[in-house]
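Look for chain A in each of the two complexes below; its partner is chain B in the first and chain C in the second.
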Partner chain A sequence: MAAKSIISRPVYGTLSPQPGKQHLFIADAEGALAIAEMAERAPPGFFDDAEIVFIPGPDGKHIAALEALKPAQFHQAPSFASLLPRLRQTLANAHMGVRLYLSGTEGLIGQAMQVALETGIDHTSIQTEHRGSLARRMQCVHCKGITENVTTQPATCAHCGLLLLVRDHYSRRIAAFQGVCINAEDRSEIPPMEEIFR
Partner chain B sequence: MSTGTTKLDVVVSDVVPVNDLVTRFHFRRRDGELLPTFSGGAHVVVEMRDGERTRLNPYSLMGSPLDTREYTISVRRDDVGRGGSLFMHRSVKPGMEMVVSYPVNLFSLDLRARKHLMLAGGIGITPFMAQTAQLAAEGGNFELHYTCRTASLGTYADVLRERYDRRVRLYHDDLDERIELDRLLSTQPLGTHLYVCGPAGMINWVRDRAASLGWPAETVHFEHFAAPQPGLPFDVTLAVSGKTIRVDEQQSLLEAIEAAGVDPPYLCRGGVCGQCETNVISSDGKFIHNDHWLSEEEHRSGKKIMPCVSRFEGQSLVLER
Partner chain C sequence: MGITFRKETFRDDFTFKNSPEHIKRFPFPFHEDAYMYAVNIEPHVVGPKGSVLENLIDVDEHYVAEMQDRALVLAEDPLRCQSLPHMTLAGWDLLELLMEQQASGYPEHFTLTRDGDRWRWINRPLGIDDTFTFGDTSTLPYGPMEYITRQSQGDFCILDQRDGNLWMDAGMVTTQADWSLDFDIGMNFFEWHAPVPLAHEKGIFVRALKFLTNIQQGKPARRLNWTMTINPRLDTSPENYHKWGPDRTTVTPENVGDKVHLRVELQSFWRLPRSNGIVFPIRCYLIKMDELVTQPKWARRLHRVIRDLPDELATYKGLTRYRPTLVEWLSKLDDGSPTSPGFGPD
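On to the complex of A and B.
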């Protein structure tokens, strides 16, 4: 569970059914379970106006559970990048009354929220629930490169190779945590690398 | 002490009758300097010295925020109100020296919006005069739906149509023209913010429909200055200043406290901003809450009151003032 540390560090809630004309769910892996649990609290017919976009991940689990909710549309995608054009298109044509629900890993929630913010949705209007991995999307402040699925502290920038302290400082605009060089004074100083974002 | 309401010494530079009910007042600084900048939706509190009595009424600034040589307000005459609007209509003449507060904005545009959808009812048009001017200057995307009783009472409807043409849609009650609210709210692009100013019934209707149709609360903005309602006179003990005062029929509790020489903070004087929130030390009687600030739970608790608009009926009331 993501704990609050500094103000920019996102905290997530529990999905709850909102009043609305359409409901758009985007989830990855265990995020499916958040949708299934919310469905138990949703009014009858709620999923008649719902679209679920799901990235199953390597396990390929939970697909049947989501199909059983009988959403108006169910769409599977192999990765976030692959669903991006469809998501942009959906939001560009959407009207007020569409509600957005994001569940799963922080990387998925953050990137989907980033797209939603670009279309003018306020981040506080979006339902989120964190499930699964705590792996982070990290931006190196030095080369600006983004490294996906960072699980260690410190972590190596996949672009410039610097050893970075992964901070809780988060950018909704970039959808990434900030990584800052941990041994700028003396590069020979290599702190032990621990796997802490599992 | 009125938080954030530093005073401006102004002179009435013009008084312009707009229609049977509404008159516009122009103010300039007495020292000839520019007035403080403001943003669309801001209001000022106008001090009205009427013999022994001082009234402090809030009015939306309706001029363009780009022009701070003068402030303009439009006042609708209320023949059965507490007398502030009648004072403005009857006694305020060009050349008169008056005092107004610095502008305060409790109804500002959210400039992150992709589109601004504005709904005005009657004299609720005034903040939109400033907001549309501000947006038009920036190339902002807006649409104004304005309901008035009759064409002749459609204050500034002609001006708005001329300035913004089809971006302004008019509805006349006497012709039975009604906003198709559900359709309007359901066809707005994502990223639209909604603004509503008008009678309480209209605000409640719009907020209710917007919530049902899935508009998140943070996209719905509203402003309703509840004018203080007259009521039975009542006595109040101010525990901190050690005074017992009487609130007259036509006076608000806040005005009575001020008349006794105690200066609680205030901004809007209309039950929305929360500045004058006052703790109740003890009470024996019934509260008449008229504000939009305290929660229902706080209203029931009998522990807090908004003295700008709320009253009391009963044996005794002791406030922490």
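On to the complex of A and C.
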């Protein structure tokens, strides 16, 4: 679990079965374990109205565990980008009473929530559980480029190359933490880079 | 007699200056010889003639130059002005407020005439004479918020009120003290203030939100905030921090008086009638040290405030690098004698 820091930084919970007509799960990598553990507490037949969308990690694990829950639909996607059109359509066509469950890395939770917000779902109604890497999705405030999977503090912007302080300040709309030039005043000051988001 | 608008710049050659009359009306933000956060909100009512509160929306000698600087910022980065789709009505509310206030405060410069929904707006300093249909965005060259805030000094945030919170859902922000509208848009009151140190623990934002959500139409409120800026630069955005940040290394004992500026924000809060939103104008006033210390009381007081500022606040305000040079320079103007209570010069 990520430590709580400032108020704009997301706080994640533990998935729990919600009353609803339809249940949409989106998970990546170890996020599958959060769904499997929740399933143990779910009422019988809960997954009859559920769709699970899963992006496996590099190890390809947990697919069978999710299929074993026998959701009404199971969809495996190779990456978040490739999932995006399907997710947009699913959410746009969703009826009142659909419940959304997001689990896995912060990048996955943040980006899935971003799409949900765009379709008018209130962020407080979404169940989230963080599992796995603490790597951050970061937006450079200077060039606006997004750098994925940032694990160091400071971090180099993959686009403009500035050395950025990775702040805890987080935008749900952009689904990213803010990166601000750490040595803007004197570029010759180069603080050591530490691996802290793992 | 109208205002004589200065021809000046807030970038490159930095020709910005205050006239002697404008120095005297500067909204000096310290009522005592020390500074700490407080919920320093009071009713926004008209103040003495000749002060920045003579009109509730202040227009001054920097108006034309500030609007030119804003146009330059927007040409480079249009994301400094954004409005989420549900905020258009609030934009019309703001257009009405600013046109009414500027026209009634400065009739020699601005005229608003209304025939039902057909409005005619004349802005003489900027050479604008437009007729449009109130409520019909297609009759203006920009959305209503952008149209009127390209003609009004200060940044503007429009806050939507729902779920007992305020949401930063629209704004024109080109003269900000280091925060990004593009990043913060859509956040609630606590979220966009998240990076501010100390104030959350003191419960400042809980009390401020309670006050703001209760603001009534026709009863605006205000507060002052402050920071310091090297060179009279309006655009001290995080977006351009890598461009203006190096200015902070250029302060020397010889150039403090010309380079270091006190930057005061007169923030006001107004309930909007149709949208029930709140508009939050952040009007920025700059004064260089050479101009400020022409008022001996301000020189003595500023010395004591900057010298005794808690380190966390000095860091947050970005003063750390040049604070010793500034304090040393100001100390020569502080003979230790007492200062009179209140903001104004003696």
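Please note the rule applied: the second predicted complex is superposed on the first by the 198 of 198 C-alpha atoms of A that agree within 3 Å, B and C clash if a C-alpha of one lies under 4 Å from a C-alpha of the other, contacts with A are read in each partner's own complex, and residues count from 1 in each chain.
Simple rule for what comes next: a contact is a pair of C-beta atoms (placed from the backbone, for glycine too) under 8 Å apart; a residue touches a chain by one contact, two chains touch by 3 or more.
Quick caveat, the model's predicted, so the values are computed rather than measured.
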item	value
Room on chain A for both chain B and chain C (clash or fit)	fit
Chain C versus chain B, contacts on chain A by residue	C
Contacts of A:H169 with chain B and chain C, given as first, second, both or neither	second
Chain B versus chain C as contact partner of A:R9, first or second or both or neither	second
Partner chain(s) touched by A:R198 [first = chain B, second = chain C, both, neither]	neither
Vertex chain A angle, Cα centres of chain C and chain B, expressed to the nearest 10 degrees	60
First (chain B), second (chain C), both or neither touched by A:K21	first
Contacts of A:V180 with chain B and chain C, given as first, second, both or neither	second
After superposition on chain A, the shortest CA separation from chain B to chain C (Å)	5
Chain B-touching residues of chain A, taken from the complex the two chains share	18-22, 91, 94-99, 119-122, 124-125
For the chain C and chain A complex, residues of the former touching the latter	79, 180, 182-187, 190-195, 200, 238-242, 245-246, 248-249, 321
Chain C partner contacts - residues on chain A that touch it in the complex	6-9, 117, 139, 141-142, 144, 162, 167-169, 171-174, 178, 180-181, 184-187
Complex contact set, residues of chain B against chain A	112-114, 185-192, 211-216, 218-219
